[in-house]
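Shared between the two complexes below is chain A, which has chain B as its partner in the first and chain C in the second.
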Partner chain A sequence: MKHMFSRSMLVVSLAAAGFAFLQGCKPKGAQSAVGGDAAAKVYVAPGKYDEFYNFVSGGFSGQMSVYGLPSGRLFRVIPVFSVDPEKGWGYSEETKPMLNTSNGFVPWDDLHHIALSVTDGAHDGRWAFGNANNTPRIARIDLKTFRTAEIIEIPNSAGNHSSPFITENSEYVVAGTRFSVPIGDNQDVPINTYKQNFKGTVSFIGVDKTSGKMNIAFQILTPGINFDLARAGKGKSNGWFFFSCYNSEKANTLLEVNASQKDKDFIMAVNWKKAEEYAKAGKGVKKTVKYAHNTYDESTHTATSAIENEVLVLDPKDCPDMVYFMPCPKSPHGCDTDPTGEYIVGSGKLAAVIPVFSFTKIQTAIAAKTYDGEYDGIPVLKYDAVLHGEVQKPGLGPLHTEFDGKGFAYTSFFVSSEIVKWNIQELKVVDRVPTYYSIGHLCVPGGPTKKPWGKYVIAYNKITKDRYLPTGPELTQSAQLYSIDGDKMKLLLDFPTIGEPHYAEAIPAELIMKNSQKIFKIEENKNPYAAIGDNNAKVERKGNEVHVYMTSIRSHFTPDNIEGVKLGDVVYFHVTNLEQDWDVPHGFAVKGANNAELLIMPGETQTLKWVPEKVGVFPMYCTDFCSALHQEMQGYIRVSPAGSNVPLTFSTGKTEPAPAAQQ
Partner chain B sequence: MKKIFNLSIIALSLFIGSCNNDKQNTEQTTAADATTTAGGQEAVKDDESAKDVVKIAVGSKDHTTLVAALKQAELVTALSNAGPFTVFAPTNAAFDKLPAGTVEGLMKEDKKADLQNILQYHVAVAVYKTENMKDGQVIGQANGDNITLSVKDGKVLVNGTANIVASIPASNGIIHVIDAVLLPPAKK
Partner chain C sequence: MKLKTIAAAAILSGGWLFITSCGEGVQKDEKPVDIQELASKQPETHGAEIKEGDITVSNPLNGEWVTAGKSIYEVKCQSCHRLTEEKLVGPGWKGVTKTRKPVWIMNMITNTEMMLDSDPEAQKLLELCMVRMPNQNLSKDEARHILEFMRNNDGEK
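The block that comes next holds the complex of A and B.
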């Protein structure tokens, strides 16, 4: 007994000693990974601005979020592919068409990657593009308004993962299909006829230089493999695009095993300038296929959805020297070109090396036809002939690579939860830092461009167990900010993110903030339902539709008393915000609406559809605290039974007593 | 403020640095240089929005006395807020009608409370347009006292003394230009 007692005492004291040691000094622990100056480096004092905007994909939230760096403060969530009741996105009549597709209205998607517009390979601060991974689409966000301006659906595609990467002068954003699918007239085929019937495509979406307006310039038909990620060439490799591909086994089931059979899959190199020539020369075939193209018009404050019927398809069989495959170890994921355009870094998820390809060698190999056979009729370049070299044993599970413009690359490693810094020329690892935990993408400001801004690398992590206060089974996902201006990477800050962050880009604030729009000019409001001025407010009946042309200005609606609506009517509240003052939106909501609120920017008109289900008097009010008398900004709409003879009337500020008959 | 910040950084670095003796990294650089405007909302740089009541008054050559008084009374920030405000704005000529020395007296530092009281008597929190004004209407002003309107032949007279000679909509309310200064009722 005594013996046992002393043994347990010993255990206790050992444990205590260990605890004291851990508490006193945690040399390798997560907390002490933060340097003493970290707080000063990320502290942006009240009244000061962040240095960078960080545009972060929202993953399964379908949205794009905007953070400041280095503070990690969230500024805005831009609704893109998912409805957002907070902003009325997808709920107002004006925005519903933005989410239209060839499958009808789709209220959700999965936004994975960001591409900021570039001129001569450097950020120009005009647009951000995002991809919809589930129902293939690309969105363009206008960085003057931070709103989604355009969404184009990608036909002949399924799982638009390899998207929306961008060429050096924003000529094209691309959309490579993740899933190969049956394409053409007969799509009702057995799944196990994958090898015969399934095809892939990569689409090149043209971007108008001035307006940013997108159109599908051409699609390239490919073997039935899976496209994962992509990067445009730049500088010397401008004119080329590189797509990572997996499942060269063409498996259609249990890809976890069946798509990991081969030692090497591919990076597909596309000479897009050549493809452009073929398209112009009529080498493509126009295929009939339906896809939606949605644009938001800032003068009418209204989106329209057009269904397009045709897409130009280029088949590599008819277009020689346009497409090549380069073997790349083990299911490559990231496929990133360095700032000089010479090096293309493949990241095989299951590979023990990082292969780095040389654009110069690729050109030499193509010229000399140094092939290693063909894959579905497309030349496969010899691995050794195009390889600059391999980074040996860099870590486990390489995913993505960004660059600092100083000759270094930063690769994320999911399995070993770290960022590894390596010298591109010498292929030598020079530094590594842990991430907490399970990093996916990473971002250096300007990292994918010809002119990286450097300074930081941000990790976007998939798992945050124990990093934040627990919130039940699901924890926040997170970003981690590291400084890279010294020889060693230093962890500075954790900050939580919305949805699941995949790729992100960061851009100096001054490239965007100077263009940020403050109001919409009311005199330029061309919404057909706008009421420009209180005097133009009115209520009109058209059959069973009641159109309320309503104005809002601090601190009242006109009209704010409406009668004569009957059950069976469909009421449209067209609310024009007459304010011409920055940061003064008005909201609008009506009790019982099976809908969301409207959030109407200064000078804008937005419409809420309301189908009353009950007889009674329904309050409506401004939802966005606009002024000292915000709480007074309210009104009533009366709903009478079907067949009632209550006349249609409306007013604001009318205080005379009602006639006895109507009391 | 900065001092407190510096102290907290030092405290933090002492705490974290206690293990690795790495105390040299106590630079107090803040990461960002670009700064928002100091001061209240009146200092926000914005050439796109419509002008608020303060900016309109500042732009009027007939209201230099009022603007100087608003500054002295430290009401510029409040009137640059979202409001909404109805400002009864006496012209320079209206101030000139006051007994000699009145304005100068009110502009003295020790009379700031009196000046604030008078100026707040010229402001209502709400938008009162002339077309909605009714004869005999009483409006509570920001200083807590009331004004009374009389409307005759479409002309509005405030407290029986000041005519509304013009009305100017502003981004955060409305300005009614008046030809006499409104004097708050004597305290009982």
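The block that comes next holds the complex of A and C.
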């Protein structure tokens, strides 16, 4: 053993030497950054559980992914804003309405940020919210089922980037428009009339305490600037919301240059409790708009899409003391409040300092009207009057900040590719680690809450380059896990991610897993097309529609032989999974369908629409390996020419007669 | 060749031992969040073993239970079990109450995994049918109703 041990050490050191040689050509050596005990710190033995769930935005995949920490193992990709043929999301009749918008069915979006629900400012493990950046929407994911339960479209918005950040008791999630746009009756205006005609909005979407159901409570009309990110106040600053803004220049072209002219842009401070009062007092104006509100009902296993026509708009002109601007250096991106709620950290993408604002000073400045003029009629607070201080020379290109609850902040730096740890009170940098490469967002478990769980910081990087085996021009996206237990941050693990990860949150596993749903009770299935038991399996014709009420259980479909379908018919397979056991979904697919598969959870009913285009006998089968006889889980459907007199019949097994269907 | 493979495996495992043994000291310092324990404490709506003495059968049959058992059968059992002697996916139910004890039947319904893992008769049936009987999430009372329906199916009054 000793001999072998030394041989293995030799191999390891040879490999390490080779690697060091390779790395020697690069500016930064990853090898030196990894501690010797890194493997043990991230190793989760087979059959053991991770300590945290990590909910990670999927960026341009439009989905939300779920990883375990510290292992970095991918558990699930939750379909949200993009269709997912694997799960039938956006393909089954039941899920199609979830992707409806005022522009019709939209099969894709760009999900950037996650907000986990909170009670008294701490994670409660009930819901995850995600934003659609392109066609403005917010989705609510139910963490009992890990499925998208609701999607609400945001009117008067264009590019829902500043979203879906959440208030201390999940009263509201917000949606600030990235693009200002013409709002109102006449939207057909020259683009270069931006300064006259373009406006911004920030929307406050109410979240029902019990059901989680969303509604747009009110929108605040703002000057035509761009909203980037946001955070709610907490603790002493609960009742306020802070939005970072750029393009105070109001440029409508070449923003790269034209929106970077001014020395300072703004963080917009909104007193949302006051806004709430104004809304109740009737200070708002109801505007005619059009937006979709889609909900998934867990008892009918069916989504419905409603088009809403009205939104309440509050204009700061009519609502004094509701909105203030605070100057913030150079195109602020991140805008993060610390766990105490006292400090608001701005991160100017082009700034050489990190400004930290003090909530106490903001209140004093407002009371004393310590203004530095107005911007479009909204008071601008004096920078020095509201500033706690600046972190000097922290790095290049600060983006986002998370907190550990021990008085430290962790800021990501895109340009200098590093995470910098600093002391909030003293504004002093205490540690820095390189990231590989060009970090965007970062996440400390509980980092945005009043009660950070600490332990790790995860970097979500924009560039992967040489970190993994090459896979052609497009490389995997990548995250990196660092421990923050000690004084020094330590790199532990690289792990690949789907889409492009933007913001993510991590939450202790025990807050979620205890509520995780295992099956849908078949007795509670209220889908109008459910076949609850084989006696209800049938085939019905309604004009040219053929409805197949089908059951599935290990390992057969009832019925599995169907005849009498004719060209010109539209066939709906309503498949009910009769299983009541955890982790036994059945799949369903039919040859040639211009559609996806169904993946039906135990106790659930899902519907696949099929328009046959050829005469013949078409096989159908279960796509999800379900038992030793899964390969036998199959059937046939016969399609005859239009006008054929083949009667509509269905059956399963020799013992079943083939009853004539109701014509 | 064979020797080389063994040596390589040993080297790999040797390296692995080295890595993991390093980690043990670290793990002890961490806050004890016992997720494993939590997982084993997850509430189950089924799975408790039914003991011989828990069940009494008597005549005449309880008519309400027979009816209730029949409707459960139609939703959760009929796909695989006929009321005749014919085997479909699982065995036909005709005569089941004559050959099996009530406690065996009820455990098979509510505690399927345990039976398939430990009961020789259940294992024989698995070899015959080649499909593990699904746990259909039935309560003890529901299983009792099904038993009554089975007795009715076997001609008891």
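The definition used in the following text is that the second predicted complex is superposed on the first by the 626 of 663 C-alpha atoms of A that agree within 3 Å, B and C clash if a C-alpha of one lies under 4 Å from a C-alpha of the other, contacts with A are read in each partner's own complex, and residues count from 1 in each chain.
Everything below uses one rule, namely that a contact is a pair of C-beta atoms (placed from the backbone, for glycine too) under 8 Å apart; a residue touches a chain by one contact, two chains touch by 3 or more.
Just so we're clear, the structure is a prediction, and the values are computed from it rather than from any experiment.
Aligning the shared chain A places chain B and chain C in steric conflict.
Look at A:627: by the touch rule set out above, it reaches both chain B and chain C. In the superposition on chain A, A:580 makes contact with both chain B and chain C. Contacts of A:532 after superposition on the shared chain: chain C is touched, whereas chain B is not.
Contact with both chain B and chain C is seen for A:510 once the two complexes are overlaid on the shared chain.
Within the superposed three-chain model, A:523 lies in touch with chain C and out of touch with chain B [touch as defined at top]. Once the two complexes are laid over each other on the shared chain, residue contacts for A:188 go to neither chain B nor chain C.
Judged by the touch definition given at the top, the superposed model places A:558 against chain C, while chain B stays out of reach.
By the document's definition of touching, neither partner reaches A:256: not chain B, not chain C.
By the touch criterion stated above, A:44 is placed in contact with chain B alone, chain C being left untouched. The contact surfaces that chain B and chain C form on chain A in the two complexes overlap at residues 36-37, 39-41, 43, 48-51, 509-510, 519, 553-556, 579-581, 584, 627-629, 653. Every residue of chain B that touches chain A in the complex is listed here, in rising order: 5, 9, 12-13, 16-17, 19-20, 22-23, 25-36, 38, 44, 46, 48-50, 52, 81-84, 125-127, 132, 171-173. Residue ranges of chain C in contact with chain A, taken from their complex: 7, 10-12, 14-15, 18-20, 22-24, 26-27, 33, 35-36, 38-39, 42, 74-76, 78-80, 82, 86, 88-89, 130-132, 134-138.
On chain A, the positions that touch chain C within their shared complex are 1, 4-5, 7-9, 11-12, 36-37, 39-41, 43, 48-51, 508-510, 513-514, 519, 521-523, 532-535, 551, 553-556, 558, 578-581, 584, 627-629, 653, 655.
Contacts from chain A toward chain B in the complex involve residues 24-27, 32, 34-37, 39-45, 47-51, 70-71, 509-510, 517-519, 553-556, 579-582, 584, 602, 626-629, 632, 653.
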